[in-house]
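The following blocks contain the structures, represented as structure tokens.
Both complexes shown next keep subunit A, but they swap its partner, so subunit B is in the first and subunit C is in the second.
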Partner chain A sequence: MSEPLLAFLYFFILLTAFVAVFLDDLLSSFISLSVTGVLMATVFALLRAPDVALTQAIINSGLITSLLLVAYSHTRRTPLPSGPCTACPSWLRWPLAALICFLLAVLLFRGMYSLAGERALETASTHFLAETLRETGALNVVAAILLDYRAFDTLGETTVIFAAVAGISLLLSGGKHVRSRQGLSFIVKRGMALLTPFLLLYAASILFLGHLTPGGGFQGGSVFATVAILICVVYGTGFDASRVSSKSKETLEVGGALLFVFIGLLGAAWGGGFLANLKGPFFPGTPGSLFSGGNMLFLNLAVGLKVGAGLSSIFYVMIKILEQEGEQ
Partner chain B sequence: MMPLLRFLGSVCILAGVFFSFAAVVAILRFPDVYTRLHGGTKALSGGALLILLGSMPYAGSSLGALKLLLIAVFFLISNPMASHAIARACHRRTLFKNFSHFSSETPIEGESMRE
Partner chain C sequence: MIIMSFATVAILFSLGLFTILVQRNAFKTVIGLTLMESAVLLLFISWAYIPEGWAPILPLKGSGVDPLPHALTLTAIVIGACDLALAFAFIMKLNGFEKTVDVDSFRRLKG
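Right, the complex of A and B next:
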């Protein structure tokens, strides 16, 4: 493990997070926050957690930044009160912040050194590392834990996303649909057209090879949503809506949820329990091939449909209102 | 062959670090949006490309080197595109009125708001 590099990255994570909180300009805060996300993804990749690194990079730098930007353009900002802050006197504020930063850095270093030893691998992880391939047929242990050992929790997580999409759509659903066909310039449109097939291929490879390599339904679905957001921005929302209407996005999302529950019930019908994998009607296959790991391929597809359609429809609902205000 | 390639890679990485540093200086020190974009895009494109090409001999396998080359091509397409979008957005919003460098001039009328 490269400790000096990790120490350097920890320092900059704390610094950028600190800067993001204390900057007055919100747009600069967003940029600082996305830098924090990229650095954290690098740390996760260095600590050999590529699944988490992928999620962190996609969600924090792609999706969260775009959603924050949309929220920024929706809202009005009032200038900060210029008088002295009563909650915390100014001579105390910076030393307090420095102290908190220092304590957090110490905790991070302690975590790093406890990860470096063998002690961390005494619990359930030894069982997972030794027995995953035999019990599930998947090469990617993280995917096996998410979609086999803890598949019921994953169903709960996708339900949370479903609730979030439903809530945001309900809150922002007022008004008529004004669709823009304006988009960005010719160069950007052509460049985007050149890049889109590769982005979609990348998303599909993350999604469908989730049980073999780092990645999976959540990460692949997020990349699909990011592609949808890019198309929405570059070509205007009218283009996006004419290709994939919000109705069909809804259908895809609900279809993902139904597919997940259907696979679960299939396992239950076979007598292996809800979401049973190899005890149900599924085969382990040859390790390393596409059709291995039992139901994981289909569960990844279900989660990917749900996350991709859900996140892109959140962005679509949010940007719709923005255009109504902008083009009146 | 390999030591020579690694030496050339190190030279490329050092040059890339220099260009990236120049890009940071340009973004911090140049007077307005367009010159900053110019410095940022050109120097950062060159810097990132040189760093990616320079790390190709260190990739370990020819597949890894090919991946680095693909990333470089992706960067070569996407970075100028993004800078072009930013510059055009600035032009359309006539942001440059806020900068002292252009304060005496009137905004250039050339591009219509809609295509």
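Right, the complex of A and C next:
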């Protein structure tokens, strides 16, 4: 890994972050933020974290940007009231905040400086790197940690996604879809029709090969959600909503969670404990083949269903037009 | 190398906090939140990096980098996306009441 390249990337990360913060035009600052996300994904790949780089590239620069644009287009922004804010004047606000943040940066750097230096792996990490193949049959150590050693935490995380979807649906309930049947032009529609099978294949390969290569349920599910967003943009909002109802998305999401718990209970019924993998009824298989790593393939499927259905239903709830109940 | 990463983390985190403290636009506040989150992720990943280490995909050709922070960061990214989406939902809901995204004008929440 070359240091000048990393310095270059860090410089542009900070530059785009400053642009995103201080630019007045909101749309430009969203795009700048998305560029920050892509550069951050590049840095993660350079720092030998391919799983994290994939997730960052898909979620932070694809999904979050599209959600930002949806939220932007569904809000009405009146210009700020002229004259200074009386409650807290800006001449006090800016220097004070700058001072606090400068002190915080110095303090943080001082604290992190003591972390630098020669670093040896802890016992847990050494164990994961050395014993993953024997204990789980998977090749991707990060996936093995997520779905075998710490699978219970992953179940907790899917619960967080469920809570977020439920909260967003509750907040934005009562709206209705705008039936824009037009969508984009004919050429774009044909192009998207040709592209869709390959995009789905890409998503499925990321999802099902998660225990062998970088990827897994989170990334594959996010790509599925991105495909749903693309279809919505290209064919108009009515297209997907009339074919895949929000009810069936809910069913998929709940089905993913239930599949996860069912696999966990299978391990418990076998006497290996909740979410037991090779100690339960699963086989390690030939290392490197699709059916290896015990229950990891099915857990990836469950997480993928959960994340894909969850994120796409967040998007579909957000593009509904809110009934203006506060209007008097 | 790692000092450079830590400096970037410190600057990025403080920049995010500065945005939240100073900017009055709710969308800018969310941008600040995203920047703070990215800073924390970068701290984890750069701390997990070991010089001459390989990506944690078996079989390793030498020593590997630390896989544990990678797993933690992965979940943090997905959860971060979810709570940003929740923040957007709050903005859209508040915007339905007040017709503005200026956080100082959200007076109805007072007392």
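Please note the rule applied: the second predicted complex is superposed on the first by the 273 of 328 C-alpha atoms of A that agree within 3 Å, B and C clash if a C-alpha of one lies under 4 Å from a C-alpha of the other, contacts with A are read in each partner's own complex, and residues count from 1 in each chain.
Just so it is clear, a residue touches a chain if its C-beta (ideal position, glycine included) is under 8 Å from a C-beta of that chain, and two chains touch if they have at least 3 such contacts.
For clarity, every value in this text was computed on a predicted model and none was experimentally measured.
Engineer: Determine, for the superposed model, which of the two partners subunit B and subunit C contacts more residues of subunit A.
Structural biologist: C
Engineer: Touching A:195, do we find subunit B (first), subunit C (second), both, or neither?
Structural biologist: First partner only, subunit B.
Engineer: Output check: A:76 vs subunit B and subunit C. Expected answer is one of first, second, both, neither. What do you get?
Structural biologist: Only subunit C; A:76 stays clear of subunit B.
Engineer: Touch check for A:125: first (subunit B), second (subunit C), both, or neither?
Structural biologist: After superposition on chain A, A:125 lies in contact with subunit C alone.
Engineer: Counting only touches as set out at the top, which of subunit B and subunit C does A:318 meet: first, second, both, neither?
Structural biologist: second
Engineer: Determine, under the contact definition given at the top, whether A:21 touches first (subunit B), second (subunit C), both, or neither.
Structural biologist: The second partner, subunit C, only.
Engineer: Figure out whether A:231 sits in contact with subunit B (first) or subunit C (second), or with both, or with neither.
Structural biologist: Neither: A:231 stays clear of subunit B and subunit C.
Engineer: Once the structures are superposed on A, label A:154 by its partner contacts, choosing first (subunit B), second (subunit C), both or neither.
Structural biologist: second
Engineer: Touching subunit B in one complex and subunit C in the other: list those residues of subunit A.
Structural biologist: Shared contact residues on subunit A (touching subunit B in one complex, subunit C in the other): none at all.
Engineer: Spell out the part of subunit B that touches subunit A in their complex, as residue ranges.
Structural biologist: Subunit B residues touching subunit A: 74, 77-78, 81, 84-85, 88, 114-115.
Engineer: Where on subunit C is subunit A touching in the complex?
Structural biologist: 1-15, 17-19, 21-25, 27-28, 30-32, 34-35, 38, 41-43, 45-50, 53-60, 63-68, 70-71, 73-75, 77-86, 88-93, 95-102, 104-105
Engineer: Quick check: in the complex, which residue numbers of subunit A touch subunit B?
Structural biologist: Touch residues, subunit A against subunit B: 182, 184-188, 191-192, 194-195, 198.
Engineer: Write out the stretch or stretches of subunit A touching subunit C in their complex.
Structural biologist: Answer in residue numbers: 1, 3, 6-7, 10, 13-14, 17-18, 20-21, 26, 29-30, 33, 36-37, 40, 43-44, 47-52, 55-56, 59-60, 63-64, 67-68, 70-72, 74-78, 80-81, 85, 87, 93-94, 97-98, 100-102, 104-106, 108-109, 112-113, 115-116, 119, 121-122, 124-125, 128-129, 132-133, 139-142, 145-146, 150, 153-154, 157, 160-161, 164-165, 167-168, 171-172, 213-214, 218, 222, 287, 307, 310-311, 314, 317-318, 322, 324-326.
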